[in-house]
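One structure follows; several queries about it will come next.
Think of it as A, B, C and D in the order they're written, each chain with its own count starting at 1.
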Amino acid sequence: MTIPKFKQLRRSYGFDEVAIVPGDVTINPDQTNIDFKIENFTFSIPIIASAMDAVTDVNFATLMSKLGGLAVLNLEGIQSRYDNPQEILAKITQASNVDVTSLLQEIYSQPIKENLVGERIQAVKKSGAVCAVSIAPANTKRLAPIVAEAKADIFVVQSTVTSARHISKSYRGLIFPELRKAISLPIIVGNCVSYSACLELMRTGISGVLVGVGPGAACTTREVLGVGVPQITTTIDCAAARDEYFNESGRYVPIITDGGFRKGGDVCKAFAAGADAVMIGSVFAQAKEAPGLGYHWGMSHPHPALPRGTRIKVGTTSPLEQILFGPTSVTDGSQNFVGAIRTALGTCGALTIREMHQAEMVIAPSITTEGKSWQLSQS
Amino acid sequence: MTIPKFKQLRRSYGFDEVAIVPGDVTINPDQTNIDFKIENFTFSIPIIASAMDAVTDVNFATLMSKLGGLAVLNLEGIQSRYDNPQEILAKITQASNVDVTSLLQEIYSQPIKENLVGERIQAVKKSGAVCAVSIAPANTKRLAPIVAEAKADIFVVQSTVTSARHISKSYRGLIFPELRKAISLPIIVGNCVSYSACLELMRTGISGVLVGVGPGAACTTREVLGVGVPQITTTIDCAAARDEYFNESGRYVPIITDGGFRKGGDVCKAFAAGADAVMIGSVFAQAKEAPGLGYHWGMSHPHPALPRGTRIKVGTTSPLEQILFGPTSVTDGSQNFVGAIRTALGTCGALTIREMHQAEMVIAPSITTEGKSWQLSQS
Amino acid sequence: MTIPKFKQLRRSYGFDEVAIVPGDVTINPDQTNIDFKIENFTFSIPIIASAMDAVTDVNFATLMSKLGGLAVLNLEGIQSRYDNPQEILAKITQASNVDVTSLLQEIYSQPIKENLVGERIQAVKKSGAVCAVSIAPANTKRLAPIVAEAKADIFVVQSTVTSARHISKSYRGLIFPELRKAISLPIIVGNCVSYSACLELMRTGISGVLVGVGPGAACTTREVLGVGVPQITTTIDCAAARDEYFNESGRYVPIITDGGFRKGGDVCKAFAAGADAVMIGSVFAQAKEAPGLGYHWGMSHPHPALPRGTRIKVGTTSPLEQILFGPTSVTDGSQNFVGAIRTALGTCGALTIREMHQAEMVIAPSITTEGKSWQLSQS
Amino acid sequence: MTIPKFKQLRRSYGFDEVAIVPGDVTINPDQTNIDFKIENFTFSIPIIASAMDAVTDVNFATLMSKLGGLAVLNLEGIQSRYDNPQEILAKITQASNVDVTSLLQEIYSQPIKENLVGERIQAVKKSGAVCAVSIAPANTKRLAPIVAEAKADIFVVQSTVTSARHISKSYRGLIFPELRKAISLPIIVGNCVSYSACLELMRTGISGVLVGVGPGAACTTREVLGVGVPQITTTIDCAAARDEYFNESGRYVPIITDGGFRKGGDVCKAFAAGADAVMIGSVFAQAKEAPGLGYHWGMSHPHPALPRGTRIKVGTTSPLEQILFGPTSVTDGSQNFVGAIRTALGTCGALTIREMHQAEMVIAPSITTEGKSWQLSQS
């Protein structure tokens, strides 16, 4: 009997399963530089707000830009389907748990209004903010010209899973080099999770890649489809693709780990795993300025036949500025993300995010962290 | 001191421990073909309803066939022991938790009526459905002629563990090549879990293999006997046996992963692991048309001396058609299984189930999935 | 920098982490032979009741022998310290959780009465049962002559951890070959957990080894001392020692896995891992005939300065005969242990316990068993 | 395509994931010697009380010294900021959960009074105790002369993570060889977690290293920063550094595992992993003599912008002497730590702590310990 070929499974890891090892050298947090670049844009903090309706609207995008980061406005959401999004958001937050999915299905079945696409972009631009917008692959050709005309700064093509080659009966697959020529804006594409898919996307000439499928708090892709890779492994693999592509092309295409963050520690781990920036949803939905009014839901949630998401009540905690910069008296890692990033870099002796990519990590399931059971049993 | 030989243990994996990695190419779900074949029978969906009394009766088998799948009628159950099964089913569902096992032991101690075997088969056939029936190995010789005479289409020989070689004092072991000659129907045999047992079964000339011991929701084989292999590893091993057998014989014998499915994601993972079809019990017991009236129990449950099972209350959720095809506003993966299969194939760039067998998988314990703890703590 | 030597840790496994793989051949359970031998004694079932005060007294030992197994009478417990043990047992079961440990410390500080040692042995012998008795190493020299005179059949030297070489200020280490010469009875020694300690014990000429440190339900050795090895790994390692010793000496010294069993499945796994017999405590404390009256406690529990144990309420379920042989309507594996052993052997195609040692096992954490979460959420 | 370089993650382990394997030889606990040495100081028990305000004040340090161990007085805490610490401690224990962190931030923002530094040290010295004091790196130069003048015995430089090379804008990094020359006291430095960081610290000429980042019961460093390594792996790695340094220099620099201990078993495991001593916080905060009055909090808790800690209610259990030496009727491992250490050494045949470093350990997740689920379900 010859030895058969069995399918091999590789172990993958999520935030809760790893920890960062302090370095042999340490530096003071105030010495660190945590800039993040996409082509000619430089952001002073490597944090991007998700293109989700509970997180980013015009006001939130303006504020995020002012604070040194970036927010992505979803052009397939409520903002570009409704003249008065406030009313719709209120309806969603007031719906019962039983009714909310069918309500979302109905709300998101309304057409995208092209005039609203232009208006929202211009509103962000008027404030002086950098304007990033997100469109699904199938709508890209139709909406790209409007986006370019309204002078958005960064174009994000995003769906649950995006590959460089997509086969469809109903529309011709999106060719990224053609898109780039057509609109001449930096293009960020996602989401992807594997080394090879990420490398192939980078080779199309795009400017950034969103990594992560299934980790978000409001996402049930893994339950419904069985699809998804935990974020630490995803980030490590796509970082390897970025480095490989840099070696072959001389062009450094940043990767943005998208989804699943709950605490500063998670964010620090993403950087140690190789991320150039992080995209945050549910934690920002908790900000006082978030349009979700204390609720959050995913963009695959309203799918008409196979919804994949949950509306979760995240509550409203504090202003965005405090979530990002503190100071805080909260000790669970949910505030002062920037302070946490700088302190983690200092602990690892990293002056920059790229030096942080070299930090050592260990597999250390949080379930076994010493002493912690005490806290639980005592509180 | 020489180095001793210690028993080696191989790590095995279940549904909740793995996830599917999206492909480098993606295709639209409507491009996929998910046909499943057993000899000359082609089914438009690769889903089979279990030979369990809470799932399949004549009506359910008829409906399942109409929807493109297959259901297996258990000839050792209530349907062939009682003229009026409805009455018995009502008794089971009304029994208390304390009394139900002894009630089942009594109910299943009544003799199988040969006339009912014929009647049930003819009722399914009359509706135009494909008729598959299940018999335990020990009763096969006695009942096979009746089944053949009643013109069932597919013959399933099924017990907790079935091997090609069985040693018994009380009856001569079942010889599958002889059985095949005697009844000239496609024979599906199970359950088995290992590469070698599966390969040996295929070499007897049978037409399909059921894989899985111990995973079902209503089964306690693992508690009582310590026996059982998680479904992903079982499926990978038996798929390797199928491929090996195909190489040596040119005959493709499908494997059907049987038991333990709760969500669309589980089903998709079985296909990625190598399944040609899946056999579903407890989820179908939730269908409006299921004979179990919101309850489910296993076929090893009524064993007179060593019962291995639990009656579980699964509830009644929606019509079978909606469980299979949606549309749905449920986001936990318990409805629209066919949509989930097609979408997962699309995500992996697989046009067919056999292409899906090539999808990459990772070990990714769901307990560590990022963000998910939030949902739990918030809901 | 040279590569340093880091301490290596080997992964070990307990009952809940493994499962048995069915064989390529199956046999009917009634074909199996599950005899167990210690020197010239043959038992028709490979099950031994623990030398614990809540489990074995004269009556229980008599019954266990009649049913084909063996029970070990603890000569350091209540039976040999008190003329009227019933009274003491009642006190223990009536004590509050807060007081019970200090009560046990007091009760077990009373001296062992040599006359009672003889009386208890003779009572067992009078019933026609095989009489096995247990003594701690430190008391062995003093009590061995009395035991021999009273004509016990099997001598068990047992403490939490016993090695072939013990260093003490207060007494000369026990030399097993000398002991054997002195009393000329089969000697079983334990407990040990490692290959080398087991092999060394066997080389002293003893007749059986108890394996297992820390797993018992009423034991907190692992919390207090950090010491203990899960039972599957322990059994595999000591089975390798037994096989090695058999190769070098031609003498087959059985190993008895002691402690931690809750269900038939656990027992079956111990045999698949290499056990020749199992020693059971807490499950037998549930028997109607057990002296513990529904409670159970460990023999390290009354230690005067460093107690290691818990009194647990196990309840009283059914007569010992039903726990061992059924029939039962309980489906959680807690009854009909013998039926479970025979069925597991049949499933693996093993005619004897020694053939069962060849069964394949997989690592399959029960926490991930498919479908099982359903049961929990529904019940 | 060349094979890319993916970041590798090493598996690390905490107390709950490992267990000690008994030895081939056993010795009586009263034969063991558990001395611990720092330069010329010899302590009869290898246990140090943490430099935390809920654990060590003048009285506690005096008592600990009398009992054979050592306690470290934190010179950056309440004792050296307030003339009347009692009042402040009462405030902390009376604050609500919501307010406590901001209260701590305020309390710890008051200046360290140099006169109190001297007074506290002299009070400890007057009692005849060995006096160890702790200072953060940034304050070391300022306070070291005062400490030396007051004639403290041992100088501890401690912060969350300390490296031999620290880069700062605001102060020149601490040079340990210079410090040693300046104060000529034994210097213990920490905390560190890796082989290389530990080795580098030892090469600066210091006298002891504290190992452990993030494990403590009152610490949330891992949530906030993602930084931390479980204690068993940390101890193994730093023990390897100690042995390497001993090989290269002939000087034996002890490592002290600091934090995360809850039970005697944890302490025993630290010694088996390579620790020369252990530093204990929360368990000692439970002592009748502890200044925390039944509460405990970490020293990173009051950080003004990024607090990392929790105030936990530990309760008050028994006098320190009983926690250390028993006797006890508590069976969960929380009392008689010294008895547990001696018994574990005996079980492994180790006469000294350094022999205990050779004990074998296995990976054995406590979650899978046999039988233990019973205790939970029954109690």
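Basically, contacts are C-beta pairs under 8 Å (C-beta built on N, C-alpha and C of every residue); 3 or more make two chains touch, one makes a residue touch a chain.
Quantities reported herein were computed from a predicted structural model and do not represent experimental measurements.
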Contacts common to chain B and chain C (chain labels): none
Reference chain A; chain at largest CA-centroid distance: C
Shared interface numbering between chain D and chain C [over half = same, under half = different]: different
Rounded Å distance, chain B centre to chain D centre (Cα mean): 55
Where chain A and chain D are represented by their mean Cα positions, the distance between them in whole Å: 39
Per-residue overlap in chain C, given as positions that touch at least 2 other chains: 13, 15, 266, 367
Full enumeration of touching chain pairs: A-B, A-D, B-C, C-D
Chain A - residues contacting chain D, complex: 13, 15, 18-28, 30-31, 195, 232, 236-237, 239-241, 243-244, 263-269, 272-274, 326-333, 336, 339-340, 343-344, 347-349, 360-364, 366-375, 378-379
Contact footprint of chain B on chain A as seen in their complex: 2, 4-7, 9-17, 97, 101-102, 105, 160-170, 192-194, 196-197, 200, 213-220, 222-231, 233, 259-262, 266, 282, 301, 304-310, 312-314, 365, 367
